[in-house]
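Shared between the two complexes below is subunit A, which has subunit B as its partner in the first and subunit C in the second.
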Partner chain A sequence: MKYEFDWSVLYTHRQLLLDGLLATIEVAGIAIVLSSLIGTAVGTLRHFSPQPIKSLFIAYTEFFRNVPPIVQFFFWYFAVGLGSFDGAILGLSAFQSAYIAEVVRSGIGAIPRTQIEAARASGLSNTQMIRYVILPQATIRVVPALSIEFINVIKNSSIAMTIGVMELTFQTQEIEARTFRGFEAATAVTVLYVMLAFIVVIGMRYCERTLRIDVRGG
Partner chain B sequence: MDFSVIPRNLPYLLQGFGLTVVLALASMSASLLTGTLFAMLRLSPKRWVRIPIGIFIDVMRTIPLIMVIFWFFFLMPIVTGHPVTPIVAALIALVVFNTSYMAEVIRAGILSVSKTQMDAARSSGLGYLRAMWHVVLPQAFRNMLPAIINRFIALFMGTSLVYIIGVTEFFRAANNINNRVFQSYVIYGFVAVVYFVCCYGLSLIGQHLLERLDPSSRASTERLLPRPSSSA
Partner chain C sequence: MDTSTICRRAFLLFAMVTAVAVPALAQQKTTLDAVKARGTLIAGVKTDYPPFGSIDEAGKTVGFDIDIVEYIANRLGVKLDLRPVTSANRIPMLMNETVDLIAASTTITQEREEVVDFSVPYVVIGGKFLVRADDKITGYSSLAGKTVAYTQGTPWGEKLKAEQPAAKHLVFQDKPQAVLALLQGKADAYTDDAAPLALFAKQHPGKLTVVGEASRPLPMGIAVRPNDSKWRDAINFALIAMWDDGTWRKLYQKHFGNDPEPGFIIYNWKL
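== the complex of A and B ==
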């Protein structure tokens, strides 16, 4: 190996890395919130809707999760003409919300039927039942699967570089282009991605524990 | 909108699509083997084998596929001193990336087979590897087929990312045409429909297999969970 490492580029280009990290957090953060909201809505509505409307939600989930994210990004950016940031947010949220909808749906499906019957018997309306009986119980069940989905949002946000969002992966290329020190930059960025995923895992574990205590306490 | 760009460029698109299929099939076949190896290593009773392999698998699964592709295309030549062609780099990246996921699928599959099967095989005189290969893995494979199909869908979609290092697979082929004729709606719409038909079709096969599996043998949680998203 003839390559001489020069890790100082990480320090001299720390601003690029920091900007990239913030952009990744921003894109992934917004997409996590949006896709959770859309995913929960679609997953819940799909479970409780009568037939013709139900197929609409099924079509949504099946379409957006079976088209690669890069194709969705390019569609919003080049065909529709959205900005790179908006295109990335929209593409990422649509793609991931379809998966989250499936997670939520299976979480709801795992709730015993008796819970729904009990809710109906105690006179709760449909919305009350979903709000107070279904979603709280479904949330606990889906937390582990959701943390995988959130990590996937962070990972898939890297694809936004292809439409010009200056996030972490983009900055790797930038540092490579400026200094030919791609190796060091890629190592640093890889470590940052692993750390972000680690934070999600820790955060979701914490959520899971809090939720469980909450439920046991009634 | 000029829909005729699709039929006019069909041979070129088909060529790209062929490469996409080849990339997906080749990297899946390779990672079935490497994944089995890694799954067995992760189940090893020896801690110095199990722990590093576990770290590799878990870390690998938190890195975006694009980064893995960059690693192999831009960075391996620096380290090894040999340049790699884009298509070789793409294949290696896809195999390495998918190996970590397949290892987990296969590990869940192996664990879904009752331990007594291994005990019975060993006590009838088979060595560990033979018992694994002839007794445990065939049963595990049957249990994990739906999960393997889901990984294949993710991999199929993932091949679109090797576009960035210049491999002319389906997505890049479509992109090249668009750079020439500027029919973004038609072209990206067409690409989306093609990917959708392939991936949705595969997911239907997966669902069918899942339903056909003997319900009494449903020990693996991998299959009971919804399909985890294609992580790229």
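== the complex of A and C ==
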């Protein structure tokens, strides 16, 4: 391949890369918090609700999980009429919360029945049981799976550029459009995404280790 | 053999290899020979950008750019293989030798000329604004504080920043979203090449209209890999022949539905 690399374009356009990185962190960061909250609520409620309420949560999960994220982004932006940033946050959060709900549900399902029986026998109310017995044990089980979902939030945040959010992938395309230096721009964006994902992995590992301290294996 | 001898011999070998290889590299094969040997011209064209290149109801790629490369292929006596490209990937596709040329409504700019080489201009297209018919926008001067949509990979964002710094930018990846945003009131104007805007206005009669002048007519060229003058000449001569035999004018009228800019001409490089 006859291609001479010119890495200086990354330096001359560093402000674009930085702006994009910050926008990605902002969108993905808020979406990670929101999707965790919604996902945990939906996953837990789905596990403990009686029919027919349960079907509602199943419908939520299946709907948002199976509709392609770009369609959801367009829905919030063009059909509902939200702004670029809000549309992206809601699109990402709704999509990923469906996955997180399933992760949380599997975490709860993995808790031995004896734990629930013991909680009931100790006279804990349903809310107390969920709060003090179920969720602490479920959390430790789902942390590794959650880090995958969080990385997915970061990666899927690139779809936000289709509704006008100037995030990292957008800015990379911008550098490419201005300078025709596509390979350099793509390399930069790859390194930055890997770094973000790596930060999530390290953070979640730390969480896992901290949580493990007061939970016995099993 | 001691180390210094090995070093010396290795260096000698290296020098010999270089002496043979460097001149060989210098007279690289031109794309013209490669295309003729292959019997096929592989052209990168747009498929989402009428009237330059789009897919018709029958699934066939059609457009002004497509007819131009077809003419070039016929003149070279080779078959034509069309590959879809976008504004974002067209230069990489050319540089990694996936395609022999790109005829993808590429505006000739000095920045781009640093990376690729261009043919002579084969069409000139100016920029305009698409606005809602009931709005009173006439050009850059009336866009202060307004939101202006455009697509990424086009020069309109830079132009807007220079001409009307008080305008807000709304950037999309594809044209249909920009039109939708305009229809919904998320944007007050959509700036792009005049040709597609005229089509969008025709699709929404009474609702959207084309106004103003976002830029003077800009030249578009066929891009080839740099330092391949034989190949570029072949393309230039085909474009000249096309102008001389009247094909160019017919194709322009067929695809754009009006007469070309009166000032535009492809010179025939003859005395």
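Methods note: the second predicted complex is superposed on the first by the 215 of 218 C-alpha atoms of A that agree within 3 Å, B and C clash if a C-alpha of one lies under 4 Å from a C-alpha of the other, contacts with A are read in each partner's own complex, and residues count from 1 in each chain.
Just so it is clear, a contact is a pair of C-beta atoms (placed from the backbone, for glycine too) under 8 Å apart; a residue touches a chain by one contact, two chains touch by 3 or more.
Please read all numbers here as calculations on a predicted model, not as lab measurements.
Peer 1: Could you check whether subunit B and subunit C clash or fit when both are placed on subunit A?
Peer 2: Result for subunit B and subunit C: clash.
Peer 1: According to the stated criteria, A:T162 is in contact with first (subunit B), second (subunit C), both, or neither; which is it?
Peer 2: In the superposition, A:T162 contacts both subunit B and subunit C.
Peer 1: Considering only the touch criterion stated at the top, classify A:R65 as touching first (subunit B), second (subunit C), both, or neither.
Peer 2: first
Peer 1: What is the contact status of A:S147 with respect to subunit B (first) and subunit C (second): first, second, both, or neither?
Peer 2: The answer is neither, since A:S147 touches no partner chain.
Peer 1: After lining up the shared chain so the two structures overlap, which partner does A:S84 touch, if you call subunit B first and subunit C second: first, second, both or neither?
Peer 2: second
Peer 1: Return first, second, both or neither, reflecting whether A:G182 touches subunit B, subunit C, both chains, or no partner chain.
Peer 2: both
Peer 1: Kindly classify A:Q137 by the partners it touches after superposition: subunit B alone (first), subunit C alone (second), both, or neither?
Peer 2: After superposition on chain A, A:Q137 lies in contact with neither partner.
Peer 1: Between subunit B and subunit C, pick out the one touching the greater number of residues of subunit A.
Peer 2: Partner touching more subunit A residues in the overlay: B.
Peer 1: Quick check on the superposed pair: does A:T44 touch subunit B, subunit C, both, or neither? Answer first, second, both or neither.
Peer 2: So A:T44 meets neither subunit B nor subunit C here.
Peer 1: Just checking: does A:S35 make contact with subunit B only, subunit C only, both, or neither of them? Give me first, second, both or neither.
Peer 2: A:S35: touches no partner chain.
Peer 1: Now for A:E174: first (subunit B), second (subunit C), both, or neither, which partner does it touch?
Peer 2: second
Peer 1: For the superposed three-chain arrangement, which subunit B stretch in 22-30, 58-66, 76-84 or 130-138 runs into subunit C?
Peer 2: 76-84
Peer 1: Check subunit A for residues that touch subunit B in one structure and subunit C in the other, and list them.
Peer 2: Shared contact residues on subunit A (touching subunit B in one complex, subunit C in the other): 1-3, 74, 78, 161-162, 173, 176, 182-183.
Peer 1: For subunit A, which residues are in contact with subunit B within the complex?
Peer 2: Interface residues on subunit A, with respect to subunit B: 1-3, 62-63, 65-72, 74-75, 78-79, 95-96, 99, 102-103, 105-106, 145, 148-149, 151-152, 154-159, 161-162, 169, 172-173, 176, 182-183, 186, 189-190, 193-194, 196-198.
Peer 1: Quick one: which bits of subunit C touch subunit A in the complex? Just the residue numbers, please.
Peer 2: The contact residues of subunit C facing subunit A are 87-89, 91-92, 95-97, 111-112, 114-116, 152-154, 158, 170-174, 177, 180-181, 184, 225.
Peer 1: In the complex of these two chains, what residues of subunit B are touching subunit A?
Peer 2: 59, 62-67, 70-71, 74-75, 78-81, 153, 157-158, 160-161, 163-164, 171, 175, 178, 184-185, 188-189, 191-192, 195-196, 199-200, 203, 225-232
Peer 1: Which stretch or stretches of subunit A touch subunit C in the complex?
Peer 2: 1-3, 74, 78, 81, 84, 161-164, 166, 170, 173-174, 176-183
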